[in-house]
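Chain naming follows the written order as A, B, C, D, E and F, and within any one chain the residues start at number 1.
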Amino acid sequence: MNPPGKFYRLLLTGAAGGLGQVLRERLKPLATVLRVSDIADLGPAREGEEVVSCDLGDKAAVHALVDGVDAIAHFGGVSVEGPWDPILNANIVGVFNLYEAARKHGVKRVVYASSNHVVGFYRQDQRIDADDPMRPDGLYGVSKCFGESLSRLYFDRHGIETVCLRIGSSFPEAKDRRMLRTWLSYDDLVQLVTKSLVTPAVGHTIVFGASRNAGLWWDNRKAAHLGFEPKDSADGQRERVEALGPPLDAADPVAVYQGGAFVTAGPFDD
Amino acid sequence: MNPPGKFYRLLLTGAAGGLGQVLRERLKPLATVLRVSDIADLGPAREGEEVVSCDLGDKAAVHALVDGVDAIAHFGGVSVEGPWDPILNANIVGVFNLYEAARKHGVKRVVYASSNHVVGFYRQDQRIDADDPMRPDGLYGVSKCFGESLSRLYFDRHGIETVCLRIGSSFPEAKDRRMLRTWLSYDDLVQLVTKSLVTPAVGHTIVFGASRNAGLWWDNRKAAHLGFEPKDSADGQRERVEALGPPLDAADPVAVYQGGAFVTAGPFDD
Amino acid sequence: MNPPGKFYRLLLTGAAGGLGQVLRERLKPLATVLRVSDIADLGPAREGEEVVSCDLGDKAAVHALVDGVDAIAHFGGVSVEGPWDPILNANIVGVFNLYEAARKHGVKRVVYASSNHVVGFYRQDQRIDADDPMRPDGLYGVSKCFGESLSRLYFDRHGIETVCLRIGSSFPEAKDRRMLRTWLSYDDLVQLVTKSLVTPAVGHTIVFGASRNAGLWWDNRKAAHLGFEPKDSADGQRERVEALGPPLDAADPVAVYQGGAFVTAGPFDD
Amino acid sequence: MNPPGKFYRLLLTGAAGGLGQVLRERLKPLATVLRVSDIADLGPAREGEEVVSCDLGDKAAVHALVDGVDAIAHFGGVSVEGPWDPILNANIVGVFNLYEAARKHGVKRVVYASSNHVVGFYRQDQRIDADDPMRPDGLYGVSKCFGESLSRLYFDRHGIETVCLRIGSSFPEAKDRRMLRTWLSYDDLVQLVTKSLVTPAVGHTIVFGASRNAGLWWDNRKAAHLGFEPKDSADGQRERVEALGPPLDAADPVAVYQGGAFVTAGPFDD
Amino acid sequence: MNPPGKFYRLLLTGAAGGLGQVLRERLKPLATVLRVSDIADLGPAREGEEVVSCDLGDKAAVHALVDGVDAIAHFGGVSVEGPWDPILNANIVGVFNLYEAARKHGVKRVVYASSNHVVGFYRQDQRIDADDPMRPDGLYGVSKCFGESLSRLYFDRHGIETVCLRIGSSFPEAKDRRMLRTWLSYDDLVQLVTKSLVTPAVGHTIVFGASRNAGLWWDNRKAAHLGFEPKDSADGQRERVEALGPPLDAADPVAVYQGGAFVTAGPFDD
Amino acid sequence: MNPPGKFYRLLLTGAAGGLGQVLRERLKPLATVLRVSDIADLGPAREGEEVVSCDLGDKAAVHALVDGVDAIAHFGGVSVEGPWDPILNANIVGVFNLYEAARKHGVKRVVYASSNHVVGFYRQDQRIDADDPMRPDGLYGVSKCFGESLSRLYFDRHGIETVCLRIGSSFPEAKDRRMLRTWLSYDDLVQLVTKSLVTPAVGHTIVFGASRNAGLWWDNRKAAHLGFEPKDSADGQRERVEALGPPLDAADPVAVYQGGAFVTAGPFDD
């Protein structure tokens, strides 16, 4: 018998990725069985795990992956700016496959790893919230806009609840000046994913994922019901980070826009 | 001579009720004389008190009650969902009697115990503030909407200032999962009532009464001038509360709407 | 057999009042049977009518009145500022009786004659819409606030749709300078009531009732789905009206606030 | 020499479709050469035309199509709800191909045929504007959300201006009750496309495409700079349309939501 | 005896300027005596006029000018971009002198000729209203911001009502493509000034002055109480204006910003 | 060679004033050379300082003052309500001189000491943010509105970034009841000025300067990117301050409006 308040089987996609590896360890207490998946090698199943290799672009594989799970933390797919075809396969076709599978197999809750890059073309002197129109900063960002729109549809039409996490920069520590604002500690990430999985009645929620950093551009008032209260802050890392090099020129688009280096990176180079 | 910054005579209605009993003790320092009133038995007057029994629906009695007071903390009347007639008598006729009495006797400040149930039909994934349209969840809630509208009139027309307290769930401790969000500790209640009584220039203010609980639905920015800063939180009670039983089904209206059990309770059962 | 797109039995309350008399004639084509009601004498039933005398404060009478009707145009009750007791009886108790009856008898649509006096304490240089907080200008206005709140409850909880008409000044012609802004011609009134009755999916709608007058304070964008397009205007009456007398002093509250004379009239005179 | 104020070569995609056929005739005066394209047969080139057959999913073909044009009216792709694969090919891959081609070939203005189905899950008693969050009503709608997001990127990053037309229902006449609100006459369509092509400094504009119909849900104030002033109205067609059949039940999702039949249609039927 | 509804003495400043000459003729019916003023020659007094020469920067002269008037239409001062010193003298010192004089002499209503150039740095694809923050496009625009702020003070503190007219381009006809949006016909100007003078209870109102031109950027909803309903439109002048020359390049700031040529003109040329 | 992340030469105007003296000490670490200026005596230059005497109304002097500096903290000019002429000279002409000098000499960042008195006529029960329209409470406040408008122009047109500090009451300690809300400790002032100088990409930012005081009226969400996090609070000074005397009457404008005593002080006394 499954303990009350615990999922029987929770699916974590992208479990071989940077954040996936963190969550693979840390989400374990939420479920009797943690099904972990990736297209990359995950090694052998650990205690309480099921390991499933899966290309998100493969419809049949995704349906098999989702069969029997109670909830999904979807961290799979491409997570940086890059060429169109892999983004199309994993982040567009793959996300469609995932939601269709959720619908067919009766999954009622998805936590979707979106990205701050859906709003990367706001200026750094603007403060935005979840209802401001999307302004993606690259193809990766556009693919995350797609996922947010698709998940909205699956809630409005099929009642599948989703929390879209617009993750800032989740690493062990901040690596540049921009991350002094956008950094999301692993502990705060885990808190955020956990609350997104267990909070009742989330409907379709969009939440920004960042720690308590000074000068944050994102206002989470529309997601207050999640009760996400980050405990960490990049503020203590300022001295270390600023010693890494001088600031960018104030007129450099990388310094002007919230998306940082994403606003100039990517496949638009020819 | 009355000490400066202190009311000479402060009226507390509903002093025999759950919150009234708390306030009877705790508001005492604000006034030279605390006039306490209820339709239920209040026992003998304590030091510095005047005890007045009063049915709020009785106009003459209410006028006598209000005569000579400097300010009113109005906690009397029906405080739960229930049949129409008692609500009509105490919460509609009674509140009208109270404000008319305040007008005739020159009282310039009222703290009115409204309720979160004036907005109980917002969803739990919505965040609202004092200017969002009212969406009551029952007859009790509607009667509190009436009191808010009436007090607005008495400010706009007669200059009587009111702070409407949209109280969440004020008990010694949180009793269910919803109260993990809506709980208002007694200390925080006392702070809120006190600041509502003594802050200069409140005009007609609406404030939500809840402690610093994670995942709160209510935004008090429109009442920032009160300087209400709750010190307690239900967060530490989570484990105890969650052990009381499993969560509601996510599609249960009681789990979906902010009003909780009020949205299905009440006299509409025939 | 009832023709498609037509109510079988439509109830019009307040049919002996100023607007009731107009609607008694003009709503007839919408229904096979028009049930007209008032506490005042309505004369004999005309063709296609049922006449029912009814005190809205009498619960049993109201339930009998509502039994068997398909929709309600509620124009009964007190329609001017005045003493509390009649307002309480007809506009508060009466409206509660009406909605309870609608719930018990399965009526799914109500058109509720609210009033601009629910917002009469906005200044004449402010422009407001249906979501701005209510600011009633008297007891009559407060009673209409009550009706709006109550009808919101019956939609959220019981699915009974209501269109609240915040009627300006509906008379054969404008009678003073304020009415050059607030006038609602009878033709436009009839259009408004009709569209409120027949538009599908109105939910709980608040609409201001005024003709195409210059300088109107009220923005109907939140009610655009009704397709209310007034055809008349008070503008052509300006010369006649202005010849009736000089303008008020600019600092007179009657000239400053939208509610006009209501903001100083009424029972607060002792 | 090309006349001033006229495009030399204007590309119209989807020229064999319903709206494409209309525009093929009516946009001709805007350009010296009108390049028309479709995957379906377009017949022989007419005077001043170039005919190019093109599958939007074919990158090389799209790049050839766009080479040499001054502006694009993009009406190609799937225009109704349906299975995922064709939508993916034409409306997602195809739109990406188109914008990449525009970027490489220096096209600075695109008029993009989006759809009201990007917001189809708003209720019919809500009024929305271009900044309200998207709520698509099906896979077709989601694909149009994608196009809007992608075009935003190409403006923010590459300076390619786009007007997104959220077209209502553009047919010779209204065909059902919903279209009494959403109808866009062909003349008004042509005006809208024309103004979208020739107005200077449109940046990234979203505009709803509907005639002057009563009860419209969409507010075009954010697109006022286009100067779009529809001349037609479905209002005169009401009698004819209403005679086609009785109204839907008020609780039918097709009657409740703006998307109408799209909110239940589509590939989600297994 | 002065006729009711008519000013005894109305002051028009700037009466020798382009708009002043128009108003000198057209405001005459509003007053028994029209006092006209300018620093330039005004010729002899016409019937019902008083002519006063006045440098607005001369405090004593301005006080004499204002003495005895009932209301002021202030069209004096510099009305184009130019060097700082004349703007400082006439538009800053002069406006201060004027309001001080109004305060001392008990004038209760001013119509202040502000300018669209207080918001000239909004983009042409933005739509703004009176509450959007000011974004002046030059020193002239800044001086008009000063006048708006100063008049706000004199209302809040001294009860002097002002209507600030953010005039677009008021000429006999539109002279370039931008004026197809910003043109204000002389008839519409006169209507606007008249209504601003005679509407009761204007408080401190900001209104944009433009005719019914297609594609207007300015939303007058906050000034709806004035009842300003322009009758003319630049739309019929489109063909003539567009024949005057080709459009600007879309990236030219003059085409991008609402202020047009003002955003690059002026004294910042060294 | 100048250390990275440090200004070579930073100009502080008003260095002899109350806040200037604090900043003269505390801004020193930000720059290799601190140029301090005032019209009053500054004593001899301290280590790392240049001392320049300057009347802000003297254009040539201001240009000399600004020549060679990298950034400006502008605290010079009149800082209290008073007669018009000194305000005109220092706060209007002086600020114009300063921005012109900044433009000519290539200075790209200004921190401008504005004041809460640009919004002093909001009520104390209102909460405002940087986008709410200005409502100055006196001539001093109007002069600060001018500075905010002018600095907006210099950013939009010339790319000179400004942070406008709407300073509350910056003193060693709170001196009256109003300052319990508006107090800005010197440490918090220094933090605010520092972050305003060093934060990249501030554009044109308006920020309210107050410590973490309970009941603050000002919402800094629009300036979140500065990362200003005040550390001090006036709350601990409440007992001391309230003992200084009884509260004002609730109807006294000084108690009603945010500007406090400024709303009645000043030169309007004749």
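Methods note: contacts are C-beta pairs under 8 Å (C-beta built on N, C-alpha and C of every residue); 3 or more make two chains touch, one makes a residue touch a chain.
Every value quoted in this text rests on a predicted model; they were computed, and no experiment measured them.
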Give me the chains shared as neighbours by subunit B and subunit D. A, C
For the homomeric pair subunit B and subunit F, should the interface be classed as same or different, according to whether the shared residue numbers exceed half of all numbers used? different
Would you kindly give the rotation angle relating subunit C to subunit E, two copies of one sequence, based on a CA superposition and rounded to a multiple of 5 degrees? 120
Which integer distance in Å separates the CA centroid of subunit C from that of subunit D? 41
In whole angstrom, the CA-centroid distance of subunit A from subunit E equals 53
Centre to centre, by mean C-alpha position, how many angstrom separate subunit B and subunit C? 32
Let me make sure I understand the interfaces: which chain pairs count as touching? A-B, A-D, A-F, B-C, B-F, C-D, C-E, D-E, E-F
Touching subunit B in the complex, subunit C uses residues 84, 88, 92-93, 96, 103-104, 121, 130-139, 141-142, 145-146, 149-150, 152-153, 156-158, 263, 268, 270
Any idea which subunit D residues touch subunit E in the complex? 4-5, 108, 159, 161, 199-205, 221-222, 224-227, 229
Spell out the part of subunit B that touches subunit A in their complex, as residue ranges. 123-127, 177, 181, 213-217, 219, 242, 246-248, 250-251, 255-256
